[in-house]
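Below are two complexes that have chain A in common, paired first with chain B and then with chain C.
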Partner chain A sequence: MTSSRIEALKKQKQMEIRKKNNQMHYAVLGTTITFMIYFMLINYHLRLSSFWIIGILLGITMQRSRFCFASSFRDPIMVGSTSLLKAVLLAFIISTIGFFIIQYKTIVLNPDYLITEIPGQLSPVGIHTAIGAVLFGVGMVVAGGCASGTLIRIGEGYMMQLVVLIGFIIGSTLGAKHFVFWDKTLISKAPIIYFPKYLGFFPSLILQLILLCSLYYIADWYDKKNNITITM
Partner chain B sequence: MVEYKLDCLYEACPIPLLKALKQLEKMKIGDILIMHTDHNCSIVNVVEWTKKQGHYIDYVEIVEGEWEIYIEKAR
Partner chain C sequence: MRLYDKIVKKPWPYWIGGSILAVLNVSLLIATDSVWKITTGFLYWGAAVLEKLGYNSADWYYFSAYDHGLKESETFFNNSYTVLNIAVIVGALLAVLWANEFKWKKIKNTRQFFFALIGGVLMGYGTRLSFGCNIGAYFSAIPSFSLHGWIFAVFMFAGAWLGSKILFKYIL
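Showing the complex of A and B:
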């Protein structure tokens, strides 16, 4: 939505703008190098080649969609907009179904499975989860981006995030150094809770989907409630 | 019909939006706010928020990676 005065300002500014440099040749060069590395890796190391291409596709998706975990959890509280939170919930719904298929395959083959044999990241849950979540959450809001968001912005050339990167490296190193302490005092004592073990495979899938869908519904309602102008 | 300028260069993610939000509160209907930012997330979250509030908005890329956002207070 725009007005005539904004339109005029924009026109005036566009006249002043110098012609932008054509960056096409950089794009062509970058794409060629990417594919060269990809084909080299296919011959050399098949596993690494899939990591390479998945990583690049993920990066492109996140950069183009301006996906940001920090703002997805901050914006609902700060400005009452939940469009990114809904995207995160959708991602959870999709990965729930995906992981269900992957894990179900393993379990059908071996009915008396061990939790450690199940594909995916199944980690102990306890008070350390909450401590870590608070630390990470505070950090990402102050720094203006989570790990992926920070890296994307550095790639874009947003210099401020380089400061964040330094803190990010210091923090990760300290975390790795202190991990033994946390592991001894909290993590090793906490249980791994795997719902399918208690509820059965299909009930836990359905329960999780219902939970995520209702969260999505609440997020959608919250967004609309904060929408002051209804007729746009 | 006053024009306000807001310099948001090198500001971290929510700051441009918060600055705009505060400035808009002080302005009268019909005033225009010109934001200068180099943060591409502002394009998304400032635009989305302003539209939700019912103000007029548009933006233009002035050099690579720098934008001017125009907001006219409408209510």
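Showing the complex of A and C:
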């Protein structure tokens, strides 16, 4: 290699480093603005400030850990790896305990609780759940990502996920417009099934934890089995 | 500096990511009395656009049923979902900027464009039937001890399987 070529490479490398450092300025600026918005929201609307800061942390965590719910389903089949699925199951184990404590505290204070007063996400279950989930699963494969993944990719600069977002907005708006039909035919007849109401509080917790741990154990076994076949 | 590299440059292990997401979801429920949900926010944006175009989307049956309506003093654009969704995007953006990895990535061709659009529409429509997406009807529903979260998980998996079959057979 001639010395002029080496010089050119050196210059190119320096340019690259300088270009990279440019992003640092944006990072500092962006972080400052993020904190400014946070402190503004604390004064203006405390509840929204929690949404803001937790949302920021959710975004950072998902981006940094390359977390992807779509892959957690796909990887076990396509490549035989369950490390993401195990991480999702671990998240379920932690949040099950956390949600349990919150729900339990609410209900101990009010033993004649209404199902709508329970903290968390409780919705009617029935055929509509299955139809919606199948549509969602097909769409997830076609679009190449789920709802949370779409938001993360937009933050990373993917134009394609902006299109997915537009599709998402169109689809959910259409779905809401047609909701009368689905509600009359299916949803209004469907119950909310809240396990503690049928099984009791602690049995529900224990059963769900046993189920999640068993799934974790199976996923772990499946992962090891596949990795052994690969190395052999 | 090594710790800095570990946090900012290198990907975090999945199990750390999962644990933090779980703790954040529990924190959100404690702080706001609401769990992590995404797609209702997308619907609200759609309804906001329709309102701007002169439609009375707020009168739809959907918004008067199942606690689907806006909270007091919220509008279709100014609400907690908007804040949370934009925050997730900004969080991801900050993470890539600190790692010096941000890059605009263009759409490769019209085919990719239509796949993205159709996939999005299917997911969006599905979420109205199932009362949520992989976050609202799965990640936040299973820890709430509601059966619909488990049903959603099973059928989302079935849908993903069906989707890949369709893709392989007819399109690719």
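Convention: the second predicted complex is superposed on the first by the 205 of 232 C-alpha atoms of A that agree within 3 Å, B and C clash if a C-alpha of one lies under 4 Å from a C-alpha of the other, contacts with A are read in each partner's own complex, and residues count from 1 in each chain.
The definition used in the following text is that contacts are C-beta pairs under 8 Å (C-beta built on N, C-alpha and C of every residue); 3 or more make two chains touch, one makes a residue touch a chain.
Nothing here was measured: the structure is a model prediction, and the numbers come from that model.
Of the two partner chains placed around the shared chain by superposition, chain B and chain C are both touched by A:Tyr158.
By the touch criterion stated above, A:Gly120 is placed in contact with chain C alone, chain B being left untouched. Counting the residues of chain A touched by each of chain B and chain C gives the higher count for C.
Contacts of A:Val138 after superposition on the shared chain: chain C is touched, whereas chain B is not. Of the two partner chains, neither chain B nor chain C is touched by A:Thr82.
By the document's definition of touching, both partners, chain B and chain C, reach A:Arg66.
When both complexes are overlaid on chain A, the residue A:Ser204 reaches chain C alone and has no touch with chain B.
By the document's definition of touching, of the two partners only chain C reaches A:Gly30; chain B does not.
In the overlay built on the shared chain, the residue A:Ile56 is in contact with chain C alone; chain B does not reach it. In the superposed pair of complexes, A:Arg74 makes contact with chain B and with chain C alike. Common to the chain B and chain C contact sets on chain A are residues 20-21, 23, 66, 70, 74, 83, 141, 143-144, 156-160. Remark: chain A residues 20-21, 23-24, 26-27, 30-31, 34, 41, 47-48, 50-67, 69-70, 73-74, 77, 83-84, 86-88, 90-96, 98-100, 102-103, 116, 118-125, 128-144, 146-148, 150-161, 163-180, 182-183, 187, 192-196, 204, 208 touch chain C in the complex. Remark: chain B residues 10-15, 17-18, 21, 32, 34, 38-41, 43-45, 48-49, 51-54, 56-58, 60, 62-65, 68, 70-72, 74-75 touch chain A in the complex. The residues of chain A lying in touch with chain B in their complex are 1-3, 5-7, 9-10, 13-14, 17-18, 20-21, 23, 66, 68, 70-71, 74-75, 78-79, 81, 83, 141, 143-145, 156-160, 226-229, 232.
Only residues 7, 11-33, 35-40, 42-43, 45-47, 49-50, 57, 60-63, 65-68, 80, 83-98, 100-107, 112-113, 115-149, 151-164, 166-167 of chain C touch chain A when the two sit together in their complex.
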